[in-house]
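Here the chain labels run A, B, C and D in written order, and each chain numbers its own residues starting at 1.
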Amino acid sequence: MAHHELKELVYRANLDIVEAGLVELTWGNASAVDRDAGVFAIKPSGVDYDAMRPDDIPLVSIETGERVEGDLNPSSDTPTHRVLYQQFPSIGGVVHTHSDVAVSWAQAAEPIPCLGTTHADHFYGEVPVTRRMAEDEIQSDYEHNTGAVIVERFRDDDIAPAQVPGVLVAGHGPFTWGADVAHAVENAIVLESVAQKAMQTYTINPNAKPIDQTLLDKHYLRKHGENAYYGQER
Amino acid sequence: MAHHELKELVYRANLDIVEAGLVELTWGNASAVDRDAGVFAIKPSGVDYDAMRPDDIPLVSIETGERVEGDLNPSSDTPTHRVLYQQFPSIGGVVHTHSDVAVSWAQAAEPIPCLGTTHADHFYGEVPVTRRMAEDEIQSDYEHNTGAVIVERFRDDDIAPAQVPGVLVAGHGPFTWGADVAHAVENAIVLESVAQKAMQTYTINPNAKPIDQTLLDKHYLRKHGENAYYGQER
Amino acid sequence: MAHHELKELVYRANLDIVEAGLVELTWGNASAVDRDAGVFAIKPSGVDYDAMRPDDIPLVSIETGERVEGDLNPSSDTPTHRVLYQQFPSIGGVVHTHSDVAVSWAQAAEPIPCLGTTHADHFYGEVPVTRRMAEDEIQSDYEHNTGAVIVERFRDDDIAPAQVPGVLVAGHGPFTWGADVAHAVENAIVLESVAQKAMQTYTINPNAKPIDQTLLDKHYLRKHGENAYYGQER
Amino acid sequence: MAHHELKELVYRANLDIVEAGLVELTWGNASAVDRDAGVFAIKPSGVDYDAMRPDDIPLVSIETGERVEGDLNPSSDTPTHRVLYQQFPSIGGVVHTHSDVAVSWAQAAEPIPCLGTTHADHFYGEVPVTRRMAEDEIQSDYEHNTGAVIVERFRDDDIAPAQVPGVLVAGHGPFTWGADVAHAVENAIVLESVAQKAMQTYTINPNAKPIDQTLLDKHYLRKHGENAYYGQER
């Protein structure tokens, strides 16, 4: 993919998360990777969405983490995105927001159980939460280590990032991803919706139970994988 | 009714539920039946609302469940709609959404009690919730069986679908219906509003009580049935 | 005031409550009185706000409750408005909505305590709730009796309707009023806001306490009465 | 700064808080100070935002509290703003709103703990709440004393107003400030967001814990102070 196409995709994704109501002020960033070129494009740091243009999107090397194209500093969350691209080879785009209810679950340091089919259609099981980071992890290489605790959580619990395309960083907020950045955006929208519905479900019934594995399998697999039958021909 | 009129009605209803704020992404579908022709029109599966045109709406045979007109696959929820048309002869339209608070009640697996006159004006008693589906019901003919557990609930509890025009499928979300698809849409709006007010009522007062049967009768019957006196001449 | 002016005011007020987000579907009505002429103007029953024009607003006699001008049936809540005009001589307009959180308090059958200065600026003390209506009050002259239980509540508790310009009807929803219909609309907006803030206050702190009488006096009286000093010259 | 520029800034800030959804009716006011000239500009009292023009913004003397320019009375909250300008020399602008969830925390008389990085990016620790005001403080010089209890809270707890740019006045609502009025507006937006997320966090997990001091330091200091590395060159 040409670099200007990658920047255009990332530019568009950053506006999409604003339009979807997931971003206040400048609290959000989206990125997309070109694995052949070894770079990813990401929102510049602290720039207003209104003022941003596709050419403002910097490119960053996956290998070195250095900016290789563009005049503006990349998002301060760039090292987190980089770890995700390095450790999760199946993903093509990453989105980070401070969306309202997903952040509340992250602050509560609770995973979001799979309470219904809305969740099951997009996340194959609960949305995990990281452990709280240690002092030294915060004090040096903080944004890198944010990525590392995400990866640790998926490794330790043997979760496939392609099947559970998002996570809550404890005390911080959600990161989502997808095969491309458009799917990362979609998963950010779904995660906020699922977070809202889960909070309300427990408000209505504090003893609400996750759905059965059979129902989870049914909904996730009718939309994903080789036997999917949702949507038009694939 | 001509087929193009039926498709136009269904097209319009599918946009109306989006405009009413009941649908995120593609999570919703509306259908309408032509009983004389033995077909119903329903939203195509996984198609963006923006891209959809009236001619994209497929027609499905009530008897066989097969698509009889149109180039696109009908919604994956089509078998559920079909069971409702088969078993509830009074209904002319069906709406399914993942609207925010109605889904939360469905996930909580709790019926929505009739706590006030907003509810009583449109639903003649509590909005029921289905039982959870069994493994085999999920594994084969899942969408058909979703309709079957709805019908079972109305039969077992002797509820008239014309008087209680909606249901919560446990762990999933709401289905509503009406004499025509426009009323099914209206009932979807009402159900979400009633779900929200009920959740908040219990937040304010965990011991809140349903209204008396006398008040339920008064409100429901002043708007429905032969002695109705709400609105203009009928 | 000329009748067409009265209708225009009421027409405008009915649109204002929709624009303020207090009305879903046709769940709301506003009226204004001309005491010299012995009539009040009120929204027609079950008419869409979009289709309504000023000339559609019927006039009703305070004395007889009969429609004296206009082709459309007045709102089914007309007898409630009439009782309020008869029994509360200081009021010039009445608004009824099913606004989201005020209805939730009404369904909870709880008065809204004065928890802060937002409330105290507009309502001189808690917003009362009526008792539940008896069977015979519901079965005959229901809308008239709805007004009667409101009046009973203000009489029994010696509340001045000019100082507490609203009420919750248990199991139903809010009515507000004011010196004119524009103030009745404003009080409907305030009541919904106060209801929301009160619900959230108790969510944050179940032991939250009403503000002191001194602070209530200060805020209410700096905006109302002869020593008011809020706003420009009066 | 020329007086007309100061008025224009304040005019703009008052519209910005409306556009940000923090203001209902006329419940909000913003001001900005010109310390060289010894004056601050503030919203006029009880004037509709739609009708307001930059020339309507009155100027008030910091020293005397008297209006020194403009035809309209300044906001009734002017003495509170004045105390903040007198006692907090680092601030250049002040915003007061009755925003929904911040008011709810103020009514609950609870400080907002720092539960996550959204909070830590903007407020260096919990958002404090004042004590309730005494009878005599309410009965005379109420608005002045509102400022005094804010200042008392920051003095007693040794909080730096430049690092914690906002407060909740118990039973009333939030005041925020900043180096200039644009930052005061931004902090009002952040405070409402943080208030909402904190309320929801406790709804999800009543035992949620504030973030560690290390994480608070990291986030606050990466955006503020000499070692900041968020955004573009400074």
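What we mean here is this: a residue touches a chain if its C-beta (ideal position, glycine included) is under 8 Å from a C-beta of that chain, and two chains touch if they have at least 3 such contacts.
None of these values were measured; they are calculated from a predicted model.
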Touch-network distance, chain A to chain C, counted in steps: 2
Longest centre-to-centre distance from chain C, chain (CA-based): A
Between chain C and its twin chain D, rotation from the CA superposition, multiple of 5 degrees: 90
Same or different residue numbers at the chain A/chain D copy interface, by half rule: different
Distance from the mean Cα position of chain C to that of chain B, given in whole angstrom: 33
Gap in Å, rounded to a whole number, between the CA centres of chain D and chain B: 47
Residue list for chain C, restricted to those that touch at least two other chains: 202-203
Category of the chain touch graph - line, ring, star, complete, other: ring
Contact pairs between chains, per stated definition: A-B, A-D, B-C, C-D
Chain A residues touching chain D - in the complex, by the definition given at the top: 24-25, 27, 44-47, 72-73, 76, 98, 100-101, 103-110, 132-133, 135, 138-139, 142, 171-173, 199, 202-203
Footprint of chain B on chain A - complex, ascending: 115-118, 186, 189-190, 193, 196-198, 200-205, 208-209, 211-212, 214-215, 218, 222, 229-233
